[in-house]
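Going in written order, the chains are labelled A, B, C and D, and every chain counts its residues from 1.
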Amino acid sequence: MKTIRIGVLGASGYTGADFVRLAARHPHIEIAALAANTHAGKAMGEVFPHFFMLDLPSLVTWEDVDWTTLDAAVCGLPHGTAQEIIAAIVAANPQIKIIDMSADFRFRNMDVYAAHYGHLHLAPELQSEAAYGLTELNRDAIRKARIIACPGCYPSAALLALVPIAQAGLIDANDIIIDAKSGVSGAGRGLKQNTLFCEAGEGLSPYAVAQHRHAPEIEQEIGAAVGASIKVNFTPHLVPMSRGELCTSHVRLKGASADDLRAHLAETYREEPFVRVAPEGVLPQTQNVRGSNYVQIGVFADRIDGRAIVISVIDNLVKGAAGHALQNLNVAFGIEETTGLMQLPLFP
Amino acid sequence: MKTIRIGVLGASGYTGADFVRLAARHPHIEIAALAANTHAGKAMGEVFPHFFMLDLPSLVTWEDVDWTTLDAAVCGLPHGTAQEIIAAIVAANPQIKIIDMSADFRFRNMDVYAAHYGHLHLAPELQSEAAYGLTELNRDAIRKARIIACPGCYPSAALLALVPIAQAGLIDANDIIIDAKSGVSGAGRGLKQNTLFCEAGEGLSPYAVAQHRHAPEIEQEIGAAVGASIKVNFTPHLVPMSRGELCTSHVRLKGASADDLRAHLAETYREEPFVRVAPEGVLPQTQNVRGSNYVQIGVFADRIDGRAIVISVIDNLVKGAAGHALQNLNVAFGIEETTGLMQLPLFP
Amino acid sequence: MKTIRIGVLGASGYTGADFVRLAARHPHIEIAALAANTHAGKAMGEVFPHFFMLDLPSLVTWEDVDWTTLDAAVCGLPHGTAQEIIAAIVAANPQIKIIDMSADFRFRNMDVYAAHYGHLHLAPELQSEAAYGLTELNRDAIRKARIIACPGCYPSAALLALVPIAQAGLIDANDIIIDAKSGVSGAGRGLKQNTLFCEAGEGLSPYAVAQHRHAPEIEQEIGAAVGASIKVNFTPHLVPMSRGELCTSHVRLKGASADDLRAHLAETYREEPFVRVAPEGVLPQTQNVRGSNYVQIGVFADRIDGRAIVISVIDNLVKGAAGHALQNLNVAFGIEETTGLMQLPLFP
Amino acid sequence: MKTIRIGVLGASGYTGADFVRLAARHPHIEIAALAANTHAGKAMGEVFPHFFMLDLPSLVTWEDVDWTTLDAAVCGLPHGTAQEIIAAIVAANPQIKIIDMSADFRFRNMDVYAAHYGHLHLAPELQSEAAYGLTELNRDAIRKARIIACPGCYPSAALLALVPIAQAGLIDANDIIIDAKSGVSGAGRGLKQNTLFCEAGEGLSPYAVAQHRHAPEIEQEIGAAVGASIKVNFTPHLVPMSRGELCTSHVRLKGASADDLRAHLAETYREEPFVRVAPEGVLPQTQNVRGSNYVQIGVFADRIDGRAIVISVIDNLVKGAAGHALQNLNVAFGIEETTGLMQLPLFP
C-alpha cells in the first residue's frame, strides 16, 4: 500500500500530539511535517518530552510546509484559526485531504457557527466540501469529502449514544438532558488558571453551564436525525483526571423501554469495531477506554417511569479527537479502518 | 458553659474520624470514649496516624463504654448496625442524646427502610423519637429530639437546594433529575476493589444508577415538603477526589424563572451561617467548600425553555456527615450553632 | 488583648491566600488591607472563590494601602519583588513589623543571595534588622526583629530535622543528601506549563536538580549550626498532589546510631507545640499534616552501616509558609504562639 | 512464524492483566489459557472491565490448564506462590518456557531468598535453570534458559542505571543511595488500606524504609557486576499516581565526572531499542514513559564535589513487569525483540 504523507497542524497541542503518537506507529503513514507556529524551530521532543525516542521532523510554521507534496493535512489548531489556513492549503493543493479536529467545518448553518464562535466564518465556500466526521454514522460522506470535520469530544460521546435512538423515535428529542463530564486535557495545553493542578485537582467544577459550544453541534446532528430543530440541556463538568469523557444522558422514552434502547443500539453497532453496547447492568466507566479508540455505551431504566439513562464513555483525546481523526483518515484513503487504532485501553 | 462528654461509635471510619477532628478542637466537648469494635485495644493514632499530635482515649468496644456517664453518643457506624446498639445505649441511659450519622433512623416509613436496606428495622419503637437532622430545615425538631438522624451526604446537598423551591411550588416535584457526583471518601474506609487508588484514580464511574439508597431519602423529604409521593432520578458518579460532593439538579420550572429560584433560595438562607447562594453566573465547585461545613448553591437557566439547573456543593465528610452532626449536637445542647465549625475551606 | 491590624501583600497567591484563611479566624487579627497589584479592584472572593463566605477588603495596590495605620505587613510576594516594597513600607512606618514569606531577607551573605537570585539585593541595609524565622530554633531573635524572614518550604522541613543533629555533632555535615519531594502548590499560582493538571498529574518529575534556590538557604543554616561552610545534595521532585512536602535526608553518622538521632530530636522538641518525633518504626507521611502547622520527623537505620535516614513532613503552604508566618506573628506580638494554628490535619 | 501458545498465571492481577493487554495485540501469540484460582469461572471482562472488547478465554484454576499443549507459561503470581506451581508445570511439560514476573527465581543464593521472603525456597533444584531476566544486560542467558526470572520493578529501573557505571568502576559500589518512588499499582490489586484512593491520594508516603525486598535483589546484581558483596541504601516512597517509577540514585564518583557517567551509559545502550540516555540537562520524568516499555536515564552533577545523581524512569507495569516479560518472551522464542512493544507513551 502506498504511504500517505501527512502534515500535522497544531502539533504542539494535546490533540496534535496524540495524533502524532498514533500516526508514528501507523504502517502506512509518514509524518512529513509538523507545524506549530509559536514553537517553530524547536524539536518535537523538546515540546513533548515523551517523544524522546522518536526521530520526528522539527516544528515549523505552517507557511513553511510544502503542502503540494502531501496527501493529507491533519489539523489540531484552535477553533477559529483553522479555517483560513485550511483554505490556503486547499488552494495550494486541491488534491489534499483535510482531516480537521477543530470546530471550523462542523456547522452546516453559518449563522449557528457565528453565534457560538463569535465571528463570521472565514471560508464559508468550503463548507459544502466538508463532511461531519462521525465515522460510524457518516462513513460514506467521509469517504468522498475533501474536508472531514471531526466531531467535538463531547459530541462524539453523546451522538453515538443518542442519534440512533432519537432517529428511531424511541426517545423524545425535545427532552434530552446531557450531564457531561470531562478530564482536563479537553481544555487543551494552553495556560489557564482553572486547569492548573492545584485548581482542578481534588475538586469537581461545572463550567459553561447551558452555554458550551458543543451543545449546538449536538443539536445540529440530533436535529438532522429527527428532522426538526431541537434544544438539549448540556451541562459539562471538569473532572480531576487527564483523559476520559462520560455523558450521562437522561432521556424521556416514547413508548419504548430501556431494554428497547439497549437492543436498538446493540443492533446499530453490531459490526462496528470500536463501539460496544454494555450488557444490562454493566456500567461504562472512563477507565475502560483510557488511551483507546473504543466507545462503551450502557442503558439503564430510571426510577421515574417513562425515563431512561444512557451512559457513554470515550477517551476525549482518542475517540474524541486524534483517534477519531485517524479513523477518518483511514476511511478517506481506503485503508482498513482499524489500522493503527487497535491499542487496548491502559488500565490502571 | 458545661462541657458535653461524648462517646463516638465507629471511630475507625472516615466519618467518625472527621467528627473527632472537629470535636477535639471544640471548646465545650470532651471526647470521653472512642468505640470501634474491630480495632478495640488500639491507640487512635495507630488507626489514624494524622492524629499523632493528640492525646485521645484508646479504642474500645462499644460494650465497654460506660454510656451512663455521657451526655451524647455520636454514631458513625455502618448502616444497619447502628439501630440495635443505639437502642441498647438509650436503654442504659435514657437522658443521652444520640447524634446518628448512619441511615438507621432517617426513614419515617419502616417499609421504605426495609425495602432499601434489606432487612426489617430492629428498633422501630425509637423512630418516633428521631428527628431528621437537616439542621437548616428542621432545627426545632432537632432541638427537642432524643435521636437526631443526620442526613446522608447526597441528601444534604440535594435537599438544601431542592426542598425550598419544591415547597414553594416553583418546580415540578415529579420531574427532578439529580445527577450526583461524589469523592471517594463517601464509600468509607472499608476495603473494596473499586475504591483502590488504581481503580478510582484517573477515571469517572457511575454507580448504583437509579438504585442508590439516598434516592428514597430524598424522595421522602421532597415528598413531605410538597405533600405527595414522588420519585426522583438519582444518578451518582464516583469522582477521583477524596472529598467533595456536587449535585447537578435538572428541574422543570412551574411558571418561574431561574432567577426566581435563585432569589427564593437566597431569601430562605439569608440568616443561615453555612449556606450561601451564589450570585448569577458564579459556579459552585467542590474546591470551594473542601474541609468546611459550608454549602454553596447556584442556579442557571437551561437552553431548554422551562427548565433550570441547580448546582449544590458540600464536603461530603463535613456538611455531608461529621460537620452536620456537630452542628446538630450544638443545636441539641444549646451551644452557639457555629461553634467548632468555622474552619474555612482548604484550598488548594 | 489588642487587635493586630495587618495588611497582606501578594494576596492573590497561594501563600497569601493561605495566610488569609488562617488570619480570618484568628481572634486577635484584623485583616485591614489586601494588596495584589495585578488584581487591584477585584473582590477577594472573585480571585479565590473559596472565600465566598467571608467579608474581606477588596484587593488594592500596595501603594494604595495606608501602612502607617497598620501593625504588621505580611508579605507573600514573589522572590525579588518584596525587598523594595518592604523598604518603602518600613520607611513609611518605622514601627511596623514585617512578616516576609519571600526569600528576600533570608540570606546573611548578600553575595550568596545575588548568586542564586540573579541580581544584587536592593535593600541590603535592612538585612541587619531581619531574623531568620524558623520559629523553633530562633524564637528569641524573631521576638525582637523588625523583619522576620520566614524560611522557604523545603528549608522548614529539612532544617527542623537536620540542624539539631548536625549541631550536636551526631552526623557529618559534609555528607548530607536531601532527596526532597513537594506538592504542586509550592510552585505557586502563576501560569506555567509544568504545573498544569495534565502535565503534573499521574507523574513524578525531578526539577532543579542540584540547582534549587533552597539549597544555599539550607547550607547557610546548617553551616551556621556547625560553624563551617558546607554543601548539601538537594534534589527536589514534583509530586502529583496539591499540598505536602517530604524531605528524605540520607546522613552519615558520627559515632551515633539512628536511635541516638531520634532521641536527640525528641529531646530538642519536647516542649514544642507543632513538632513531633515519631516513635521507632512509625513512618511520617504528608497525609498526616495536610492543612495543619504540624511537623512530623522519623529516623531510620540504613542498610549501609554508619548511615541513617531522617524523614520530615510538613504542609508546604502552612508550616512551609503561611502557618509558619502566623506562628512568627504570634511570637512577634506576644500572642500565645499556637493561636489560630490549632486546626488538625485534614484526612482524608 | 509459528504462533506461540501461552497460558497466563495470575491473570486477575495488574501485572497479569497488563501482560494480556500487550499479548492480545502481539501478532505471534495466542492466549490459550488464563488462570486465576480465586476468580476461576469468571469471564476476564468481568474481572477487568477494560477488556470488554476482547474475546478472551474465561478464567480457570491453574490446575485446569493443560500445560502440555502450551509453549510458555507467563506467571504473574504473588511472590512465594509461584515456585511450587512452576515446578509442577515444568514437570508436566519439560519443553515449556517459564516467564516469571514473581521474585521466586531471582535469587542465586537461597539463603538471601529465605531471609527476605520469610520461608525456605520450595523448588531450589530449578534455580540453576533460571536466568535473571534483565534483558539488556543478560540477553544471552535469557535466550537459553528454561525459566526467565524477570526483575522486580525497582531493580529494572535501578540496575539499568547503575550496573554499567559500577561495573566500569566509575562509581563507588559501597556508597549508593537509591531514593525510589513508585506509583500505587506496584502494590498490586489486593485489598490493602494504604492503597485506597483516600489513603494514597494527595499524599506521599515512604514505606519499607531500608527493609524493602528489592534491595537484596539490587545488591545481588550490582555485587555480581563488581565482584563483591555490597549493601545499598534503598528507600522507597509511594506516590499518588497509578503507574510510573523513578529511582534517584545518589552516587559517589571514582575519578569520573557526571559527564563520564552519561557518556558511558549512552555508549552501553547505543543499540538498545528501549533504553535512552537523556542529553545533559534533560530531566527524565515518569510521564515520559507511561504505558510504554521505554526507559529514560539522566545524569547530573551534584553540588557536593565528587558526587553525581542518576535518575531513571520506567512504567512499573510495563518495563517493570509485563513489558519486560514480553521482551524476554520474544528473546526466548527468537521473535524480533520489539514485537508487540512499540506503543508510544500515553501523555497526558
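Keep this in mind: a residue touches a chain if its C-beta (ideal position, glycine included) is under 8 Å from a C-beta of that chain, and two chains touch if they have at least 3 such contacts.
Since this is a predicted model, take the numbers as computed values, not measurements.
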item: Contact-richer chain pair (by C-beta pairs counted) among B-C and C-D; value: C-D
item: Chain separated most widely from chain A, comparing mean CA positions; value: C
item: Chain B and chain D: spacing of chain centres that average the CA atoms, whole Å; value: 45
item: Separation of mean Cα positions, chain C and chain B [Å, integer]; value: 36
item: Chain C-chain D separation of Cα centroids, rounded to whole Å; value: 39
item: Residues of chain D touching at least two other chains; value: 14, 185, 198-199, 201-202, 240-243, 285, 287, 290, 348
item: Chain A residues within the chain D interface of the complex; value: 14, 17, 21, 24-25, 48-54, 185, 201-202, 242-243, 276, 278, 282, 285, 287-291, 294, 296, 317, 342-348
item: Complex interface listing, chain B residues touching chain A; value: 174-175, 177, 179, 181, 183, 198-199, 201-207, 209-210, 215, 231-235, 237, 239-244, 246, 248, 250, 283-287, 290, 300-305, 307, 309, 311, 313, 348
item: Partner chain C, residues of chain A touching it in the complex; value: 14, 184-185, 189, 191-193, 195-202, 240-242
